[in-house]
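Multiple structures follow.
You will see two complexes here that share subunit A, one where it goes with subunit B and one where it goes with subunit C.
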Partner chain A sequence: MVNEQKKVMMEVKNIKLRFGGVVAIQNVSFDIQEGEIRAIIGPNGAGKSSMLNVINGFYHPQEGEIWFNGEKRPSMEPYEVAKTGIARTFQNIALFKGMTTIENVMTGRQLKMHKNFFWQLLRYGPAIEEEVQHRKRCEEIIDFLEINNIRKTPVGSLPYGLQKRVELARALAMEPELLLLDEPMAGMNVEEKQDMSRFIVDVNEEFGTTIALIEHDMGVVMDLADRVVVLNYGELLADGTPKEVQADQAVIDAYLGVPH
Partner chain B sequence: MQSGDAVLDTMPKLLARNVQKFGNSPAFREKDLGIWQSWNWNQANEQIMFLAKGLIELGVKEGDHVAVIGRNRPYLYWSLLASQHIGAVPVPLYQDAVADEMEYILTHCNATFAIVGDQEQVDKIQDITEKLASLREIVYVDPKGLRKYDKTRLHSFEDIIHSGMESPSSIHDQLQDRIGKIESGSTCVLLYTSGTTGKSKGVVQTHGAIIGAAMSANEHDGLTKDDYQLSYLPMAWVGDYMLSVGQGMAAGACINCPEGADTFQVDLREVGPSYFLGPPPLWERIKTSVYIRIQDASAIKRGAFNFFMNHAAKVGKDILEKRSVSILDRFLYFLGDIIIYGPLKNMLGMSNVRIAYTAGEAISSELFDFYRSLGINLKQLYGQTEASVFLTMQNNNEVYADTVGKPIKGVELKIGETGEVLYKSVGSFKEYYKNPKATKETKDEDGWVATGDAGYMDENTGQLRIIDRANSVGKLKNGALFAPKYVENKLKFFSNILEAVLFGDARDTCVAFLNIDLAAVGNWAERNNISYSSYQELAAHEQVGKILKEHVEEVNKDLAMDPNMSSCQIKRFLVLHKELDPDDGEITRTRKVKRSFVSEKYADLISALYSEKTSIATKTEVTYEDGRKGYLEATVKIVDATLYEVKKQDKNAA
Partner chain C sequence: MDFLTYLLTGIFLTPFAEMIEMPDLFFQALWDGFVSGTLYGLIALGFVLIFKASGVFNFAQPILVVLAALALISFYKMGIPAWLSVVCVLIMFYALAWLIERLILRKLVNTDGNILFMSTVALSFIIIGAAQWIFGGRPSSMIHKELGFPTGSLEWPMFGGGVYFEMLDISAAVVAVLLILTLGLFFSRTKIGRGLRAVADDPQAALSVGISLNQIWVIVWFVAGVVALVTGIFWGARSDVSFALQIIGFKALPVLIIGGFTSVPGAIVGGLMIGLGEKIFEIYWGPLLGSGVEGWFAYVIALGFLLFKPQGLFGDKIIERV
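Then we have the complex of A and B:
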């Protein structure tokens, strides 16, 4: 799967992130190629979510550079990052619980709606046209992720696995170039995990979306990912195909422990 | 079969008639991207013709078998019709069939082409592709997930339509030529039976039979092009074929396809069908969901619900059947309709139902009356695949829970010497595909077909009553009648019991396996703070055993009333550690128990039931949804139930 000619979409270089005296990420560099599924794994506290938050613009690293589509990215806020075509889901689901599935997914289109507040308030003419167009795109995503039976159900009353899927739908509604998934399969049973894996592969293949995901389930990672980054205590431990990483002694030691 | 000037005895003729007479009325609808899309007869005809031409270009020959697999969608109904137009024979398959079952049918009928709904079905076929020597091309409707597949033998539905659209006039001529050759006696469809005894058989049905039976049924209920229904039953089941294609085409009625597998309830509500067919488990499920929800409602709502439902139980049926009811009761019912029945029916999607049927299994009178008292005209019909379904149907105002109606037009019934129901019908099948032996055993030279069901004509009502499958009726050692299904149905009428299997043929006493209904019992457990993590755990719960024991004893008490059946009382029973599952071959896709298979598979449990043991450890093979196999280990408890004396005095007094 790894192809040398593939274009690098994102590159993080020598990232260093500190919270006060605590070092979360220490000098980490890796890249994400266009069209691949890139997994970030590591034990608890390894700095995986922090890394995603850095890419997402939520944290600002003290040192290091982020290159996106061949340009060095200045320090950005999350909403600015979102505008550049990076969407994400969260480890602890962050949906509007009182709103229905379709309403939640529609919020993902917010950045793409251009009619101003007053037009939308009037709900007339161009504003309606625009909403219809966006609704269509959202319905396609809902169909794609097979959540049409819960279209009008408030998400707060949905089981966990489905909420995760709604969150993915909302992220997809942004039509991102790069999709960041923070533990998309945490807390799911085997069947839900299989479903979710299939959707992730489908999104990657059908929409051509580049995906970077954090996941604990090694079986899932090995099946899904094209390339894997392993972090441990904020440091880069290994980087390569699932096979290479699995055979790496440092990774085995980090996961299984070393005799002292 | 006459309508206007031409005899409408083939599907192409019916389609042409519908286009000519109803051209602009809706023919097919499907909810897609949240909106109901619709095709009128003109548009549908255009698509079907493009598809037919596209299939000719793909190489489909006359007499070829075309497998159609997927959930109910207009595209697949068009596939059935297009195949019929080009002289090929469509073979609808159950979409949830595992690869083994598919392999059996596809090789048995030597299907050369398959038109499937989505990636899931493509995967299943590709898994067994080496064993399907005759299968040549696969057409898929939904391209999702198929982007990277090898496309040499895979074609998208859209491409086929497109090739039909741009086909040369020679193809057009060929199509017209093929349509011209189709006659009433040509094969219309090959439908596989569910196969309660052994492998399923392919039933060959002609155009004339399907349309004849459909027209009789339409006439019975006055179905017209203004009726509409929701096509949600499996496309491989004869019931859906007759309703959606047979009756729909014959009447020119619109077919509505749900959005997806799980959206049935919402779609039903939006469509609000006027004609509806459902098997008893569906009716049971709907009623259970109503009662579960009302338990969570506020006290006032609950009070109103209970009051008016009691009132409906008292007079609702009489009002529906236009018998005399006091003015006060009528007024109360009218009020109830505004406050409870109307909104409830609306919520269930039953507001516009003019005619509803339950078929396939016996239905409890309590469940049956629940719907009728609400003013929903639920009736019974009886039929089978070999008869293009319709044999007997109940007339309005002549509706009973324990009978199945009178023979409809074109059907003759008689009861054989052994008590088996025999019929002659316009809808009778031609033969079992590649099985002349079975054809001979079922259909005699005069055209009488044996149903395999034991029954009799009820003297009071003049309607047919079905007791059991003829071959499952047996005798206990003491010579008493053993009618397992009769008892099993009594058990299944309890909402807590999903399935029951009774054993006792050539034994001293009767014993039973039970399956709990996970929805009903799970809800009970939730309310009583009983925690469980799986079906197995809940089934083995002591209190569940107690509840089921009460149910079994109630059935025993009931059986004791009837001197003919009193020997069928259940002495010992157990709650199975797994649900009987079509994937494991224990029940059919239409949820009929395969008795001999079950008794072989669980022989250890049966012998334990006939011993003194109070529990038994067992290991059972299970098949997962993706076809993998695994083992389930469990210790199953055996419960003794009380038997009741036959009340002889009562019988004399009566």
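Then we have the complex of A and C:
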């Protein structure tokens, strides 16, 4: 159940996003509360991924405001958004394929490493301490996601399900306040989906990370999410708890079609 | 039949007999090949750096070598002490890297590789024009003596004969090896190096973990400039510094094909293979084919690689999922 006292972490207001003449998002507003799992669902082309890309800074909406932690966010590039504590995974896995699992996860610590690069080069003094400390954190995350047996494997050669998990590990290594997951279970079999669901819940509960995710599998969404936003043709169709959304006539029509 | 015997002995017997008979000559060839190999490797390295970080074959890399050498000499002639001139060139290259990022790369982010490639072609002509305008086009000689690199040669008695080591070649090899080691460590150990590899692999994902593409591009173009400067000093010292120097850029192509476009060690190994290969081949098998083998040897080897191992020795395997 939604706790009414919860603080709003992120709020998008009246977002409008166009690509040339195509309207991807039309006047959509919703919020994400601290500590919740928020799902964004909708049929193909509903503007879900676009929405995530707006939050993440890959797209810049023509109109609308984004509020994060009580402040209005100026237009930001993705790497600046990352600095504010927002991490993400991608629909079509975006890993550094030439690197091993541990190296991929270590890139998540990029923003947290500040030691002089000459010391890093010589692997000397304070730079070793820093490297060790971050490495340790990454190993913990790798343990947590149960991928220790592939720590040193180049990720390009891993099966799909594991690559998805490595991507999650990299995002977690950033220790984000808000984690955006773009179809974390797409293309997985039932068993892999169950594993991934478990990890998402664990991350939310153990690390207290707020999560916004896009998912197609309605069953999964209804089990996982605290609240659900439904988009259709770039517009907001419904917003509420899974139960409310499931009972919403507009949502049923959008998913099952309406007799004409 | 006589011709066949001549051919077979020429290929399989005489060269090896000569190698054993005159080991000093063989060793000399190895050393000469090694030195030009490291220098080929350096040129290729400049290409690899930018290819790694932005997936662009940087057509302007050879002209950066000329620019570095010309600028260095001009600064020195203006009365700036030699080492301070080096610093001036480095500052100039940093500014150039920044400008290139601002004016070209930033506008073309996420466009097709061909467009980026064409922009580097344009860039190279702009640099040629600007360099001619600012530094003049007359050939001049490198200031390696003033920079403190030793000249003259050493002769080591060896195998009953003697092997000559040009002091300049020794310094070139030492500097090249140091530069390569530093770059290797830079890539594998530092945060910036890791960021660079990340950008090369997947720019979008790199952005999402907080790596700024713009910053990485400036750094990588600057580092390519540093490599160009080192290349310019040592190639310039072997011949005059003029715009003709950019032709050495063509030698980098077979090196890249052999080593792979994305690998730092590949550039070095490829450079050494070409350098050693063409020297040895020229001396021992050259007479059989008439001379001038050095001119085409590298390209024939590269052609072989293109046919049988197109990703090169160390390049990333290109696997397309169908």
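Everything that follows uses one rule, which is that the second predicted complex is superposed on the first by the 259 of 260 C-alpha atoms of A that agree within 3 Å, B and C clash if a C-alpha of one lies under 4 Å from a C-alpha of the other, contacts with A are read in each partner's own complex, and residues count from 1 in each chain.
As a working rule, a residue touches a chain if its C-beta (ideal position, glycine included) is under 8 Å from a C-beta of that chain, and two chains touch if they have at least 3 such contacts.
Predicted model only: the values in this text are computed from it and were never measured.
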Partners on subunit A (subunit B, subunit C) - clash or fit: fit
Go through the superposed model and pick first if A:87 touches only subunit B, second if only subunit C, both, or neither. second
Which partner chains sit in contact with A:95 here, subunit B, subunit C, both or neither? Use first/second/both/neither. second
Looking at the overlay, what does A:202 touch: subunit B (first), subunit C (second), both, or neither? first
Subunit B versus subunit C as contact partner of A:136, first or second or both or neither: first
For A:120 in the superposed arrangement: first (subunit B), second (subunit C), both or neither? second
Where does A:111 make contact in the superposed view: on subunit B (first), on subunit C (second), on both, or on neither? second
After lining up the shared chain so the two structures overlap, which partner does A:144 touch, if you call subunit B first and subunit C second: first, second, both or neither? first
Subunit A residues in contact: does subunit B have more, or subunit C? C
Would you check which partner chain A:253 touches, where first means subunit B only, second means subunit C only, and both and neither mean what they say? neither
Roughly what angle, nearest 10 degrees, sits at the C-alpha centre of subunit A between those of subunit B and subunit C? 90
Compute the least Cα distance separating subunit B from subunit C in the superposition and give it as a whole number of Å. 15
Contact residues on subunit A for subunit B in the complex? 102, 135-136, 139-140, 142-144, 146, 148-149, 151-152, 191, 198, 202, 205-206
Touching residues of subunit C toward subunit A in the complex: what are they? 182, 185-186, 189-192, 194-195, 197-198, 200-202, 204-213, 262, 316, 319
Considering only the defined contacts, which subunit B positions touch subunit A in the complex? 32-35, 144-145, 147-148, 259-260, 262-263, 266, 625
Which bits of subunit A are touching subunit C when the two form their complex? 56, 58, 77-79, 82-83, 87-88, 90, 94-99, 103, 106-108, 110-111, 113, 117, 120-123, 156, 170-171, 174
